[in-house]
Structures are given as structure tokens and as C-alpha cells.
């Protein structure tokens, strides 16, 4: 997997959010997008996840040197972000089953159960997400992001509002993922910026 | 391979929406109450008069149109309001989202029509001359309403004034379907006064027009949906 | 834009002014009145061209919308909205002038004649188009939502034109004769035809001129805004 950000700019009307950002990262690397709030971090993360289109420039997703088509890009991305919300009125297991189905995975009860176990939610799969604590919700979001073993993992403010155990889980996930995946992380924690092989520093 | 997955994903979206709707009864109860209220108002205010078939048909479709306008945008607006739209966008093919929501809207509007039409016949004291024709006009009209308003619902869910402009945007686009449905229903309600078979033949043309309209709307929505969903 | 081009535009603008003046004078003094409609028939030199321009403007709006969806240039979105504005203006002109004509000949301003129905729906579509535009803040999203709605509406307009006249309860009161030349009603003689066609051309030219003016102003304002930012 290779991610190429090629002189990307973004403006909303007259307001320019990003100006001419270029970077590339491949499997085994961590790309950190750093900068204070309002510097365009989230915008750039959305572009990398193909949820927003740059005004100028382009983002390319390549696998084995070949640019991926839209459907494959969707399958290649796993993302955790405060902007991504799961269905409150469904149970955790129903959420995971639904997202496995739309991603074309075989959504058997065993698959869902093993996924829940893997993220420490075993036995609570039948509860509605509404009843979950914020820490459990966060773990469910990681299950959502990693269920299809995506070659590109995108983490937007991964440790914001987390307790120590949550932060440990995140750092553990990053340490595992960076061996086999390309990881993109938007953060402003100096400790996490240091994890990056490539760092994009955005100004205010 | 691609196409069979695609149908399965659309059905997954449909199943998810039905389950959510069943748990929350977010759209259905509101729409149904609205439809029954509107029907009661109409029936109450015109009960002293015996109305002509075309007026009755128009009343019926006005009630059905406005109930569609209260309900059919919910499934998209809800995704935006609960902030799940982006999660869906990240993980699901746009075509699967559109078809899933379309099927859900057809089911929702069909359920509403299944309650409203019999209630209408009772409250207005109408015995349809051609019940089969009335049923097909209702089914195809429901399809037409759902197929034109699903993409409009997607547009509206991404605008700021979500509730206010839905009917405004949907009405002109829906009008061809609506007027065919009204004419077919008129023919179904009006007795065989004289030229019965000619009337039914004309209604068959209207039903064909309704079906063609739905197909046209669905096909163009499929082409355009990507631009609404993935901007 | 080079000098010779702008000089050509100036000349065309002048020609348009003269052309429209001649058309207006000719409509009242050169063309004869139709036999059964009398002086009322002179409305065709203004009412029909306005309706025609309205449809042309809508088609142009759709074409720019499709182009915007293809390559997402802000200019195409702006052009689509300007064309829709002009279309709405001419649509209002056609509706009001037609309504006055209806009062004078049929006795009431509005009676849901099929063509009145379709122009009313056209007004609704334009109105909805602008209601949609004003309810979206983000410019690129506004562009794509409006473009999709424009294309969708454009697909349904022909359906209305075919479906509305088929409503059996209402027979069209519109005098088709002079336009469609079906023989019945009133025939357009040579002089009437000349003025009518010239008026069509003049109105289309008027539309093209205002449209290009609007687009040039937009380009200027955008360039200015960009310069201020840098």
C-alpha cells in the first residue's frame, strides 16, 4: 500500500484551509499530520480517507504500484475518527454485522463474536451502542476500523478524551499496525508526533 | 461478482434501516399519524357532500403525497443528524446506499398506503368500481412517489434547511407521476357509467406511464446519486 | 480577451439595441393584426419569445450543470445559476404577459390551461432551484446539489409537456395555429412571420448578452477577491 498526497490545496469559498501539501507514505510507515486545532488536520484526514475532495492537487492510493479504483479504496481503508459515529439504536453485534456485510465480508455470527472478543467486548455484543460507555464505544470503533484488515489505517485524534487504558490500547494498535500497514495519524500530542516516519506539520 | 455483491449490500442497508425503524418508529408513527389526521380533516369537512370521483382521487393523492413528504426524507436526514452518514460513506458503495434507501422508502410509503387507502374508502364511503385497478394504481403510484423523492431526500439531507424545502423540491419533479396516479385512481373509483372498457383502457395507459416514470427516475437517480452523496 | 474581440462585442451590442428597437416598432406598426384575435395577437411577438428564452435558459443551465458535475469548475456552477436567474426572469415575463392576454381574451387571468400548468411548474422548479441554492453554505456542495436538481428537473419537464396536455377535463385554450401552423385557427402571413422570427432572434440575443455580462462581472469579482487574498 502506498499513499501519495500530491500538492493538495483546499478552500471553502474564499477561506483557504490547506495550501500545497505534499507527502507520501507506504506500508510499514506512520504518517503523522500534526498541527493545532483549526489548522486543517481533519480536512486533510478526510481527503486521505476519500471523504472529501481537494480543491487542487490529488490524493492517490496505490497497491503494488497500481492506482486503486473507488470501490477498492473503500475496502482498503480503516478509519477511527470522532466524526465517525456508529448506529446508536443497534447493538454492537448488529453494527459490526452490518458493516461487515456492506464491506463484502462473510458476516457470520462466529466472525462477529471473535471480533467482539478481540476488542474486549465479548459478552456485551447484544447491548445497544447507546448503553455503551465512551471507552467501550471507542473499542467498538476500532473493531469497525480493523474488521476487514485494511492496508491503510487512518486515526484522527486517536487519544483525545481517552483514559490511560484507552491510550494504551491505541498505542498498542499503532505498534501492531505499523508492521503490516500504512498508518496515517492526525494528532497534536508531541509524544505521538514522535512516532511518525513522515510528519506533515500544518500551521494555524 | 461486482453486481451480486452490490445487491447484497443494498439489502443489508435495507435490513439495517428496517431494524432501526422498528426500534425507534421514527418515521412510521409520525407519517401514519399525519396521514390519518389529514384524512380525517378531509373527510370531516366534506362529509355532507357527495364528491365526484376525480375530486376524491385528488384528495387521496394529496394526503398520500404530503405523508410521503413528512416521511421519505427521514432515512437520509437521520443519517446526517446522527452523524452516521460519514461512517456509511466510508464503508458502503453509493449505489448500495441509494438502492437500500429506495427499497426502504418504497416499503415505508407502501405501509402508509396500505393503511390510508382502505381507511379512505371507509371514511369517504366509497365503493371502488374497479378494486383491482385501484390496487395497481396505489402500488405503482407509491413506487413513483418513492422513486422520485428518494434522491430529493438525499439532496435535502445535505442542505441546511432540511425539513422546509423537501416538499418544495419534490413537488415539481413528482408531478408527472402524481397526475398519472390521480387519473388512474379516478378511473378506478368512477363506476362503469357507460364506457367502462374504454375507461379501463385509458387507465392502463396511465399505469404504464407510472411504471415508465418510476424506471426513468430510478435510472437517473442512480447516475446522479454519486454526486449528491460523495461531494 | 483581446481588443478585436471586445470591439466585436461592442458592435454586436449596438446591433442588438437597434434590432430590438426595430422589432418592437415593427410588432405594433408593420405586422398586421390576426383575423380573429385582432390587436391581441401582437402578444405573440413578446410572450412566445420570452417563453422560448426561458426554456433555452433552462437548457443552458442544465448543460452547465452537467459540465460542473464532470469537472467541478466553479465557473460552470456560476454560469448555471446565472442562466437559471435569467430563465426565471423570462419565465415570469411570459407568465404575466400570458395571464394578461388570457384575461383579455378568455375573461380570467388564470384557468389551468395545460400550458399554463407547465409554465407554472417551470416557475416552481426555478423557485425550488434557488431555494436549494440558498440553503447550502459550502460552495462546492451547493454546486453539486443544485446541478443534480437542475438535471433531474430537466428530465421531468418533457414529461410534463407530454402529460399535462393529456388531462382530458381541460381542453387547451391556447391558440396554437400561428406557431405550429396546423392550418386551423389563424394563419400567420409573411409579415407576421418575419417579425415573429426576428423577435425570437432578438430575445435570444438579449439573453446571450445579459448572460455574458453577468459572467464577465463574476469573473472580475472573483479575480479581485483572489488578488485581495494573496
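For reference, chains read A, B and C in written order, and residue numbers begin at 1 within each chain.
One rule holds in what follows: a residue touches a chain if its C-beta (ideal position, glycine included) is under 8 Å from a C-beta of that chain, and two chains touch if they have at least 3 such contacts.
None of the values given here were measured: they were computed from a predicted structure.
For the pair chain B and chain C, chains touching both partners: A. Interface comparison, A-B versus A-C: the higher count of C-beta contacts falls to A-B. Chain centres here are means of the Cα atoms, and by that rule the chain farthest away from chain C is A. Separating the CA-averaged centres of chain B and chain C is a span of 32 Å.
If you average the CA atoms of chain A and of chain B, the two centres end up 38 Å from each other.
If you average the CA atoms of chain A and of chain C, the two centres end up 50 Å from each other. Residues of chain C in contact with two or more other chains: 140. Shared contact sites, meaning residues of chain B that touch two or more other chains, fall at 231.
Among the residues of chain A, those touching two or more other chains are numbered 53.
On the side of chain C, the complex with chain B involves touching residues 69, 121, 124-125, 127-128, 131-132, 135-137, 140-141, 144-145, 147-149, 151-153, 155-156, 159-160, 163-164, 167, 169. Of all residues in chain A, only 49, 51, 53, 71, 74, 77, 79, 83-90, 94, 98-99, 101-104, 144 touch chain B in the complex they form. Per the touch definition, chain A reaches chain C in the complex via residues 12-14, 16, 53, 55.
For chain B in complex with chain A, the touching residues are 2, 5, 8-9, 12-13, 15-16, 19-20, 23-24, 82-84, 86-93, 96, 231. Contact residues of chain B toward chain C in the complex are 54, 151-152, 155, 158-161, 164-165, 168-169, 171-173, 175-176, 179-180, 183, 209, 213, 216, 220-221, 224, 227-228, 231.
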